[in-house]
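Here's a structure for you.
Note that the chains take the letters A, B and C in the order they are written out, and that residue 1 is the start of every chain.
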Amino acid sequence: MSALKSFFGRWWAVLAVVLLWQAIVTVFGINQFLIPSPWEIITGIAGDPTQFLLPLALTLETAAIGFVLGVTTGYLMASLSWLWPVFGAALTPFALVVRAVPFVALIPVLTKAFGYSETTSWIICAMVCFFPTFVLVGTGLHDVPANGNDLFSVAGASRFDRYRRLAAPASLLALATSIRVSSASAFAAALISQFLMGVPGLAYVLANALDRLNMTLLWGAAACAIVVGFLAYLTANRFEAYVLKRWR
Amino acid sequence: MKTSEAGAPRSAAIQLSGVNKRFAIRRKETLTALSNVSASIGHGEFIALLGPSGCGKSTLLRIISGLEDPTEGSVEVEGQPPARLIAEHRLGFAFQEHALLPWATVAENIALPFRLAKIRVDDARVRELVELVGLTGFENARPKQLSGGMRQRVAIARSLALRPDLLLLDEPFGALDEITRRRLNFELARIWAETGVTTVMVTHSVDEALLLADRVIVMGTRPGRILTEVEIDLPRPRTVESMATNRFAELSTQLVRLLDQDNNAKVKP
Amino acid sequence: MKRSLRLIQSIAGAVILCALWEVLGQTKVLGPSLPALSTVLGTLFAPNRAKLFTTAISATALSAALGLLIGGGSGALIAGARQTISWTRPGLDRFAALIHAIPQVAIAPVMVIVFGRAGSPIAVAAIAAFFPAYAASTRAFAAAAQSHQDLFTVLGSSRSARLLRLDLPAALPGLADALKLAAPGAVLGAVLGEWFGAPKGVGILILSSSQNYDIPLLWAGALVSTLMALVGFGVFAAVQNAATRRLT
């Protein structure tokens, strides 16, 4: 009973919008060719799932590769900057500037700069993940508990010891946050770059469907993208909350 | 002064029975802020809550006001749950952190209770209160332009705005210098004598408690509890001269001892 | 101290980045896809292109502003409802997360179908602006100090009076913050929404120059959209500063 209540507590607004949409389309008999109801979109996807799932898998693959690359290098660079501050001092200004630049605006020029290929998509997704990770983890590494540094100084610990036992654990929370931020933007960046380059993937299906006015394909592909983006967000959020609970 | 019907037993304004308050601080870990607090406060009485820091004075005041519910036990104000008093806008509360609205002027802050009670703002009353707390000329100043003590005085004026039936004051004079503090002590004594408002005041100062209270409730720590109650039988009106009397000195020594005992008991293993 | 250090680092980063850009462009080590900064600026301020840019910029700015108004406004409004009626909170949070997780490239073609080619940029800008505005407004409404909340409780305040006299004034600096965070999103959303056949705008400029291999124009378009996003951010940052000074 209370499980049901908490389920509706969390989902009522989403459910209400979907039901309202269904009701409006059904009651007012809106041009069902152009704007289908949620139910029709679902049956459309179920009718021929492969035409959605294969491109979706391609896009997800690109996003995942870029995500892992970007977050890993971001974390490594932030750690190196912590261990050798000179290195950090040289890198931080760039990270700050590039982070202020909205990435979407840069994707068109990046696709040109790196040439139209799969690798370009990876690089773009990786860059989108790199900068927030670098900045967030860089801050997190310095977020050591009060007196922690004094304690380690007194114990005569080496800098690497201090990194391993003090700074790295302190930065885990920041890493979880950057994973949350990055997962959504990696997926978006994969879609955008694939759209601009016209390489196979979900964005290609979308553009194609719009050109040919294939509404089942268009709405189905958009729905797939939204659901996957949402699931990624929820998972990453869960993960961050879990880390927060474990480490605080 | 409000009086109870002749012959009838004097009904309590505030009745606390077996109040316990525990705060959850971590999972499965609780902190006992108040343990088995029972007290009866009469109509028109002036009570001082005296005790070391962290003994639960603020918590007790919040429970009386209904801001906080007791974990166990009950609290009644005039035989009703505290929420009743709030709904009728008959409660005045000066918080320890003064809680002035930073975007409102001194006069607007004092007028706030009128607005929230949906009563027309009585400008004359606001002016009177500004004068009472010695802030004439600062009506249009904002809180950040005032000193800490001035802010506290605004908070006191605000708590008095609607002539409440119950006045709760949480260290109202904490941030004031000795002279202003004394002056406002006597002002408060006068206001109380005129209005007969039931008052509970938290204080750290033994002198302040002796100058103002009918009864001092002395509290101890870990867990927060009532150690004892002391009747203050000094004649009113109390003045600076009262402070020089033997009785004042006796009571003062008694209270200081009580506080000290509690302290020593904690320090010794 | 820390803030001014960051500022110096950022400025240094920007200067070095621009210098690097100029040198790399002039020497053409990265090929023709990276024109020098001066070339890009030359394109941007070329007299014969002035009309092209002003038309594009004003179209995109208008879409972004309308999107910000609709998306940012409804984000703040819904956050206000969330503040006043506490049972709505988990559901509205989930709904906002869904809007946030919508990939803009995926929703833009659908918006073309629903709102037409000129309406799509506005709609995508509104979707992009919604979540930052909602999240920051939620934070803003929670900003009223607990002691103030207690005061209003003790004085027997009604819900509406609490919203009007406490939550709203306490939230104003935060609401400006919400617009500050939503503005760049709205600009980029508008640019992205234009990609699917809007009549004009910076997005169209970027797309067509990309297709025509007009690299300096492409860079100029990217630069313009970046600057527009930063200007939107800066304007509301100034408003937020003023509100903070006035209200706290």
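In this section, a contact is a pair of C-beta atoms (placed from the backbone, for glycine too) under 8 Å apart; a residue touches a chain by one contact, two chains touch by 3 or more.
All of these numbers come straight from a predicted model, not from anything done at the bench.
Traced through touching neighbours, the fewest hops from subunit A to subunit B number 2.
In this assembly, B is the chain whose CA centroid lies farthest from the centroid of subunit C. Central chain by Cα centroid: C, whose mean Cα position is closest to the mean of all protein Cα atoms.
Looking at B-C and A-C, the interface holding more C-beta pairs in contact is that of A-C.
Our note on geometry: subunit A versus subunit B, Cα centroid distance of 54 Å, whole angstroms. The centroid of the Cα atoms in subunit B and the matching centroid in subunit C are 50 Å apart. Distance between subunit A and subunit C, defined via averaged C-alpha coordinates, is recorded as 18 Å.
Note for the complex: subunit A touches subunit C at residues 6, 8-14, 17, 34-35, 92-98, 100-102, 104-106, 108-109, 111-113, 184, 187-188, 191-192, 195-196, 202-203, 206-207, 209-210, 215, 218-219, 221-222, 225-226, 229-230, 232-234, 237.
On the subunit B side of its complex with subunit C, the touching residues are 62, 65, 67, 86-89, 91, 93, 95, 97, 99, 101-103, 112-113, 115-118, 144. Considering their complex, residues 6, 9-10, 12-14, 16-17, 30, 33-34, 87-88, 90-92, 94-95, 97-98, 100-107, 109-110, 112-114, 184, 187-188, 191-192, 195-196, 206-207, 210, 215, 218-219, 221-222, 225-226, 229-230 of subunit C touch subunit A.
Taken together, the subunit C residues at the contact with subunit B in this complex read 145, 147-148, 150-158, 161, 165-166, 169-170, 246-248.
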